[in-house]
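First the structure, then my questions, so here it is.
The chains carry the letters A, B, C, D, E and F, assigned in the order they are written, with residues numbered from 1 in each.
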């Protein structure tokens, strides 16, 4: 049987393991351009979260690494810094940036659906956070990847008008993103 | 008394006018760079919408005008085309673009929190739509304006890393946006 | 798989067409006694609306036509007048009528679950509105049709007591509704 | 302080009495035309229900009495028969009547927002039920009273078209309702 | 098809019986140690309650019987006393007891998720209540049964530390509960 | 102005600090009988969480320390182990214990409203976790403290019947709890 779009075991088959996850205990390998890696601990990994409206993630940052501006369409996020020091911020619908430096053990809130980022402000040491979401599957939309790497591509003229840049510049950015993937 | 953050009249003072709005009947003047104007018909304009979880907006597009990529943090949007022909699209959290051309009288859905846009694909005629939202105040976050015109500004190095462009290019885009405002 | 009672495609089969509808662009043929026709643009027509909590409808009115008193058990409704001029109203649980004349381009709110109606106040010209609902399937219960044409019928003595009329009068009304259907 | 539109005491002033109500223990006097009386045990009577999403009511029926067709805009209702025997029914949005005779100790469900009624089918004995609602203030809209006694009145032509009767008949019904009130 | 984890008939097969229940009309046999018996009238018994967010239960108390401290993880409860007189109470998260004696016809609220109990304060006569919940399946967790009879058992050292008693005492309580079951 | 029972600043006064908290970065002093201490990072500490439906807490455990059986009436909890190794468990409404040993970096879910506990299974080293909740103020009800230290006290006879122990034993437990407080 499926409930809420996720498979649901017969009650007699459920075990404590359905409420357990060991996949965010270690620093993830960060091998991308931006210098950060997100590992979810949501209903796709923990079947027992289905219908319960909460999940976690771990974010690891290389020295100087950035979790670039992104949104979670279905959740507010609260981070707890495990290690390091981050410059974080979110932008409101009134276009105000609320930014702060958060250190190990500190907490910061990114309200539902708003664009936000975290940047490791130490260029020598890694950093990491635990994120909590009030959704079993918050979803993530990374702004730049959405604009420049969607399949099929967003038409160039949409991007040139939106970003006030020329087609060449759009193509250049797209090609950079494309090469990073390859 | 306030309810839900909005003022709430004594019951005896409420009239039919509290459920009425006349401000989205006409084409708005479109005098910005992107070529579109959004006019809300939400709880800020219609007191009677408070706690009711729905609102409207009207969007007008100059010939070739764009409602640039943006999100609504608190709502799904459904548009009905009043006039003209639009190229519309949204991008999913799996980074797929769902795009379509929609004509007068047609309907399209932009799911909650996802980046989407509409472009008037006629360079000679204006276009307009009515939008419905399942929130009394859906909020809007225009992606490029958020990235390049927030106050205070998002640090350049966040943008250069995110967009894979140089500081100069970031500054150039910011200055274009700034000049458009002036 | 079904989610929320509606079938849900595998993600790879979803297309932009699942978020699109072309069925409310034209004036519906109005060939009933009351002089109005409602065409839904809800989850039964637009699969992509499933779980998203919003939908549209179009209502067309013949000259002098009435969308008779009815409720939507699961939604608030907001109308935008496409064409014509309507006398509209809803009645609160305190039995107050809030009524207003709304013209082309104007907006009116009918709060969740309350009895309301719209009447084309021009006996020469048709009218039409777009309705927005904060439900993917708001449902409609037309008061008179519910009272006089349900299957099986509501017992006469319920109606005579409720409406303070005689059995003959109830039967007469029922027969009129029955003949209109035939 | 108000929360949710209802006044909210300082925590230190709250007592068990805020969660208690003694007003639905006895048979209400039934002295109206339809032969039933509803007594609420909702947030207006029990301050402690505020934000908790549930309430009760008691309905008493004179011999042969009717709780005439009505809706609750904000709740599903479940009744438990305290005394007597009732013919009950609700009509769906597909215009089907689901009707049943329910006796002392039996339970029946009236789904959210749908028109329903209960009739004491014994012309010699009174009856009574306890109703439960999933709202702290479900609201009630009695159909006939709404149509014929709202202030200001629903225009006659709306009623004549809706009910397929003449203006005279509408006026006659209205005058009956008016005289019952006087 | 299943909706919300419960099977859902094709619409054409639904009858009024799906919204009806006759199982809480009579006093349940109370043959346990604590002297009370709870009979649910929830979605497991009434298919038509699925997705509607409300249910009932009946509780019968032997003379002096206790419905021992318990919680409903998913609902607020409101009781209506059918017969007898009860000492009832709930404890808040600030560890305050709100207690009251409630008599036939009186109402009391037990807010969502809080530990509460009801005790028949008459040692000669039985008592009974109707309970309403704002959940189709509120669930119940009886505190003592949870602590001492779960399968597998909660480790003794958890109980000794929590309850400030020795292992022997824990074992003694467990054996009493075990013998009561046998 | 208050929204949702919490004070709400004028928009112009809001700063990033309203979304920040530094109070759960360090190990709390654990100086109670059970050997654990909970420090909330909820809306009472972080004004910006108001209406956002999520919060954190930190739990520190002395060597061998126990966070004794308790519930959160308004939330599901997900823990991430910062340090040490814990034996954790929750009991379902079917009275099944789901228990597991969770180590540093591992995650476990305690579903909404169910009784659960965590025990540091190392008698030499402390442990700590970060907890996430899908409520801005989940509330906590510690079972033993609720039963034995509420003000006013739960009557002895309720506890003797519920726990199957004598009045003397109840009094003894109460006095132990009382002395621990002094």
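Everything below uses one rule, namely that a contact is a pair of C-beta atoms (placed from the backbone, for glycine too) under 8 Å apart; a residue touches a chain by one contact, two chains touch by 3 or more.
Since we're looking at a predicted model, the values are computed, not measured.
Engineer: According to the touch definition, list the chains common to the neighbour sets of subunit A and subunit D.
Structural biologist: Expected: B, C, E, F.
Engineer: What angle, rounded to the nearest 5°, describes the rotation that places the Cα atoms of subunit C on subunit D?
Structural biologist: 180
Engineer: Identify, among B-C, C-D or A-E, the interface equivalent of A-F, where equivalent means over half of the contact pairs coincide by residue number.
Structural biologist: Answer for A-F: the repeating interface is B-C.
Engineer: So what's the Cα centroid distance for subunit B and subunit E, whole Å?
Structural biologist: Chain centres of subunit B and subunit E, defined by C-alpha means, are spaced 49 Å apart.
Engineer: State, to the nearest whole Å, the distance from the C-alpha centre of subunit D to the C-alpha centre of subunit F.
Structural biologist: 42
Engineer: With centres defined as the mean C-alpha position, give me the subunit E-subunit F separation in Å.
Structural biologist: Distance between chain centres: 24 Å.
Engineer: Could you list the positions in subunit F whose residues touch two or more of the other chains?
Structural biologist: Within subunit F, the residues that touch at least two other chains are 2, 89, 99, 111-112.
Engineer: Return all touching chain pairs.
Structural biologist: Chain pairs that touch: A-B, A-C, A-E, A-F, B-C, B-D, B-F, C-D, C-E, D-E, D-F, E-F.
Engineer: Hey, which residues of subunit D end up touching subunit F in the complex?
Structural biologist: Going through subunit D, the ones touching subunit F are 1-3, 8.
Engineer: If you look only at subunit A, which of its residues touch subunit F in the complex?
Structural biologist: Those in contact with subunit F are residues 11, 14-17, 19-22, 24-26, 41, 46, 48-49, 52-56, 75-78, 80-82, 89-90, 94, 98-100, 102-112, 130, 132-134.
Engineer: Can you check the complex and tell me which residues of subunit E touch subunit A?
Structural biologist: Touching subunit A from subunit E are residues 2, 4-5.
Engineer: Which part of subunit C faces subunit D closely enough to touch in the complex?
Structural biologist: My answer: residues 33-35, 66, 68-69, 71-74, 87, 89, 91, 93, 95-97, 99, 111-115, 117, 119, 139-141, 143-155, 157-158, 161-165, 169, 172-173, 176-177, 180.
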